[in-house]
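Got some structures for you, see below.
Look for subunit A in each of the two complexes below; its partner is subunit B in the first and subunit C in the second.
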Partner chain A sequence: MSNTLASVQETLRQRARTLLEDGTITYLIGWEAGRFEGQTTPLILRKAADVDRLIYNEFCVHILAKYPLSDKNIEGTIGVVVRGCDSRGINLALKDGQIKRDKLYLIGIPCEGMKDARTGQELKKCLQCTHRNPVVYDELIGDAVEDGAKVDRFAEVAQLESLSVDERYDYWAAIFSRCIRCKACRDTCPSCTCRECFTDQAAMGWQGKETSLAENQNYGITRMFHIGERCIECGECERVCPVRLPLMQLNRKIIKDAYELFGEFYAGIDDCTPHPLDHYLLDDVEEFM
Partner chain B sequence: MSRIGVFLCHCGTNIAATVDMTRLAEATKELPGVVYVEENKYMCSEPGQQAVKQSIIDRGIDRIVIASCSPRMHELTFRKMLTDTSVNPYMLEIANIREQCSWVHKDKEAGTKKAIDLVRMAVAKVDRNAPLFTSEIPITKRALVIGGGIAGIQAALDIADAGFPVTLVEKEPSIGGKMVMLDKTFPTMDCSACICAPKMNDVGAHPNIEIMSLSEVEEVTGYVGNFTVTIRQKAKYIDYDLCTGCGLCEQKCPSKVTSEYERGLAKRKAVYKPFAQAVPSKPIIDAKNCRKFTEDRCGVCEKLCTVNAIRFDDEDKLVTLEYGAVIIATGYELIDWTSLYGEYGAGAYPDVIDGLTFERIINASGPTEGHIVRPSDGKEPKTVVMIKCVGSRDPHKGKAYCSRACCMYGAKHAHQFLDKIADGECYVFYMDVRAMGKGYDEFYMNTLQDGATYIRGRVAKIYPEGDKYICIGEDTISSKIVTVSADLVVLDTAMEPQESADAIGRLFGVSRDLDGWLTEAHPKLRPVETNTAGVYLAGTAQGPKDIPDCVAQASAAAAKVIGMFCLKALESNPMISVVDEINCRGCGDCVDVCPYKAIAMETVERRENSVWVTRDIAVINSGLCQGCGACTASCKSSALDLLGFTNEQILQEVDALCL
Partner chain C sequence: MSLEQAVEAPQKTAAEAAEVAEDWRPKILAFTCNWCTYAGADLAGLNRMNYPADVRLLRLPCSGRVNPQFVLHAFQKGCDGVLVCGCHPGDCHYSTGNYFTRRRMLLYRRYLEYLGIEPERFQIRWISGSEAGKFRDTVVDACEAVAKLGPNTKYREEGR
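Our next item is the complex of A and B:
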């Protein structure tokens, strides 16, 4: 089977038609064309007659893993198109008990990276992607591609680590002074599945309402630690940020630390391996004891 | 609005010398919600407590802060005090201005500032305290004793005598442990078997004691008063209900195996009782060495057994029982000196033996019937060298600690040798003589009078020359090199924890120290308790000891168990985790981090947004939860909260300190 985007799209449409017609899935989550050239948007496809709306091209930048979670009590089955990043998000949701596997029908597509419609260049998050093939699926369209990041994904973190504490503080203060706390990063993140986010627990007051650097930093830091080593590195937080904060640098710092302390670990490559911070072992490092 | 009373303790000068109490009191009066501040020289004293009670009545105080020592010291004291008042015992916070402030600081200015911070935090926290109430936990009044050495035997007997059923689990075929291998015991020289065997018989015959020999604890769940323990009873291949212990099978068994009990100095059979006084007094089949198992022939025992008790198809059995309390008495093993001390021949010289082997040699019922002879050629040794602290007090090669019993049994060995071999010479190389115990130093002095030569120093090397062993060491008192040509060398080797202690410790959540000994809850004030409620320690499982200390500790542990069993029910700890099921997303992270297995996921049906949904939520077992708070820290949704240390309380403390 050839892996050209056009042929993948054609097969995807055929399969979607069959699956919807024979009732295997209630609806399919994929992508459709947006209003502008190169723009795409997630699509919930319910009717076989509409399959031509379904597209697959080099601009399918949205991760789909979080969409099925809003319908976790569905009677039928949700079809989801998954690439490496989507499938890792799905695994994370399965591990966290957010949805049952039998409610999902996963159509896997090996992905060679998506492009930024504005620049035509491959997205940073795709260059840094370690798992291009879906890690969980019910059927696969196209042949497997080579896994592994095309650039050193820890390069930015290493560069930041070389700075002094004050320099780093200034760097992050400048960044978070721009944050508008729209919480788009949280909303898109496949690992953010709390029923009520800490930022919304107003009575407790974890997060103040004031528009200030301190509250912005509190939001950014707490978000980073809540996701922690569970980050699947899909890079969506950074992509959706309207003020373009380099949020993945924070996530990658935690991942890098987790690697150094507990060994190499990739969140979401299966739905059962405990995450380094989810459990303890008696021979865990105790660097402060 | 809460009405907070703050009571500042001077602790004599312990606190007042480093903290300006007047300034602390003034600063405290300004804090929100504080309606009364009082200082006292000793808050924990009777007048101090009375003052608190009186001010609760006079000032209408509804919660209190005591600024004093660590809550580990007196939180319970003040909680008990509050039970007689209108204030709930959990409407109390302790500001630790002693251990965490005055004791660790010298600068009065800085100490005062810190004390003010600590009190401010405690006041902020107590403002969000809520009354908590205890409940009753029923107690299963049966005890489990793990290890059938002298400590386990004593503990089991004491509990059984008080009228409570006991299960004594022993991994060997017989109870008795190390003590039953010894010849005589210092300082009174009673025959070890003569004082140990009757106790073993008492255990065997006691209606309240069940012995599970050749058994090991495999799994533990539950909590204080209600442990569920699974015990693996290994296959004995003999039906103990039928076996009369006549010994015919052992007599006729053709397979001979090195005897563990005789420390390799004699043989035993493949179907065997480890020693004559064994309890249970019935044999087992050693499947590794039995011809029926290795070669599928023989079966003599089966043919001869008059009651048909041989069961070659016997299998391990798993027994699950409920227990209210557990005593761990897993004992010690001697350190493997052969892997550590190449200079002593690393085990290659047959006449360089450890103390326990010497016990078998001098024992009248041992392989040599008490005649002191060399294992190599059976000749009577004329010159014996004893080396103490082999593995003990030697952090570079062995253990840093002192094994405590060796000085005395070394002296006993010297005495016994000189007693039996009148023209013998005995040289004891020692580091120090530690003879602290009733009648111990007198015993040591007697040994010196017997003619034992004590040389202060270590032996650096032993090498064979002809049929002699040349021991070279330094006499550190005269600074001369001493060379002794010995017929027999006895090494007084260090005690180390049983290998199984590691697994037992993990099963019961009892930590071990750096040397592997199980740790007590407090080295001085709670020496037999562990940090797991309902689990106690006895004997050398906790650290090296001699027999009197083992027995004393075993009785102490038994007293703790009996004390608990005499209660109608236990009071539960109300400071446990609770789940806010609205916020619980069902990820199960808390289940994995809980060290007490107190959290389980449960699938529930709830009506949410007008539809019925099925989802998983975490459920806390209030009996198992020890209130450690690991789950609350792991819960990203903050759906878990620890009563007494709620997120809100901690946040208030942080705000009080930082804002």
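Our next item is the complex of A and C:
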């Protein structure tokens, strides 16, 4: 069976029609065409008659893992189209107890990378992707593809680490000064699933309202450490950022350190392995004696 | 600033630019665990040990109570250095608190260093209730190191 996008789309539509008609799923979360050429947008497909709206092409950039979590009263089963990144997000939600596995029907698609509609180039997040095949699914459309990042995903972190602390501070201060605190990175992040984000706990006062560098730094630094090693490296924060902040350079630093200190770990590749900060070992690295 | 620009930017030190008053002393916040380090500090006092008055102790039930955000907040509100102290691994009053702290702080210390905070400004130490001498030495060393670095200008909230 070939893995061409057109054939995957055709199979996906057929399966969606069957699953909706026989009542296996209540609705399917996939993608549909956007208003502009090459643009796509997530789609909640409820009727089998609308199945032709469902598309799958090289511009399906949105990660769908967080959409099922918005449904607080799930009737029946939700169908979700998952690629590697989506499936890791789903696994994380399962591990965190955000959703039950029997409420989900996952249609897996091995993914060879998505393209930016503006440039036609493969997205950075896809070049750095380590898991292209879905890691959890109920059925798979297409053959498995080769896993592994096409570029060194820690290259930027290593480059930044080679700078002095003052240079690094200036670099990050310039970046955070551009942040507008729209919180799009939080809203899209499949790892950010707290019921109430620290930035919304106004009475606690974790996050001030002032438009200032210090508040931007507080938001960006704390949010990224809250996710920490739970990051599934989908790169959505960076993609959705309206001011194009290189946020994955922060995540990757934490992941890189977690690898070096606690061993190689990929968040979300299953729903049971504890995360590095979830547990401890008696003989962990000791630096604080 | 792009990554390339940052790599090529001329070296400049934010701390160098700031004028340092002659009588300036560092302001250091020490998060101390109630069961070990706080008792250790008390013992240092009982034994009439001298250590700089630049350190402010903040007593917490456990070093595991130290939310990483507290550390960032301390720097933002004007501290020049932060110490996080707790029981030795294995001695935690709550059995496992400091094991989690250890993992968390291993990552957070590297993370803050990556974000531009000098590693000397943020230190973590295990000090037991009987280690009055170690408490004094830790505080003396931390104060000296931070005094050498000068006032912290990074992550400060200004105009407040």
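Please note the rule applied: the second predicted complex is superposed on the first by the 287 of 289 C-alpha atoms of A that agree within 3 Å, B and C clash if a C-alpha of one lies under 4 Å from a C-alpha of the other, contacts with A are read in each partner's own complex, and residues count from 1 in each chain.
The rule is simple: a contact is a pair of C-beta atoms (placed from the backbone, for glycine too) under 8 Å apart; a residue touches a chain by one contact, two chains touch by 3 or more.
Since the model is a prediction, treat every value here as computed from it, not as a measurement.
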item	value
Superposed partners subunit B and subunit C on subunit A - clash or fit	clash
Contacts of A:Y280 with subunit B and subunit C, given as first, second, both or neither	both
Touched partner set for A:N73, first subunit B, second subunit C, both or neither	first
Subunit B versus subunit C, judged by how many residues of subunit A each one touches	C
Which of subunit B and subunit C A:E156 touches, first, second, both or neither	second
Which of subunit B and subunit C A:V165 touches, first, second, both or neither	second
Which superposed partner A:A214 touches (first subunit B, second subunit C, both, neither)	second
First (subunit B), second (subunit C), both or neither touched by A:E229	second
First (subunit B), second (subunit C), both or neither touched by A:P246	second
Touching partner for A:W206 - first (subunit B), second (subunit C), both, neither	both
Subunit C clash site on subunit B (candidates 59-67, 77-85, 95-103 or 329-337)	95-103
Doubly contacted subunit A residues - partners subunit C and subunit B	198, 206, 277, 280, 282
Sites on subunit A touched by subunit B in the complex	73, 95-98, 193-196, 198, 201, 204-206, 226, 274, 277-280, 282
Subunit C contact footprint on subunit A (complex, rising order)	156-157, 159-175, 198, 206, 212, 214, 217-218, 221-222, 225, 228-229, 246, 249-250, 253-254, 257-258, 261-262, 276-277, 280, 282, 284-289
Interfacial residue positions of subunit B with respect to subunit A in the complex	506, 582-589, 592-593, 595, 601, 611, 613-614, 616, 634, 636-639, 647-648, 651
In the complex, subunit C residues that touch subunit A	1, 3, 6-7, 9, 11-15, 68-69, 72-73, 76, 89-90, 96, 99-100, 102-108, 110-111, 113-119, 124-126, 154-158
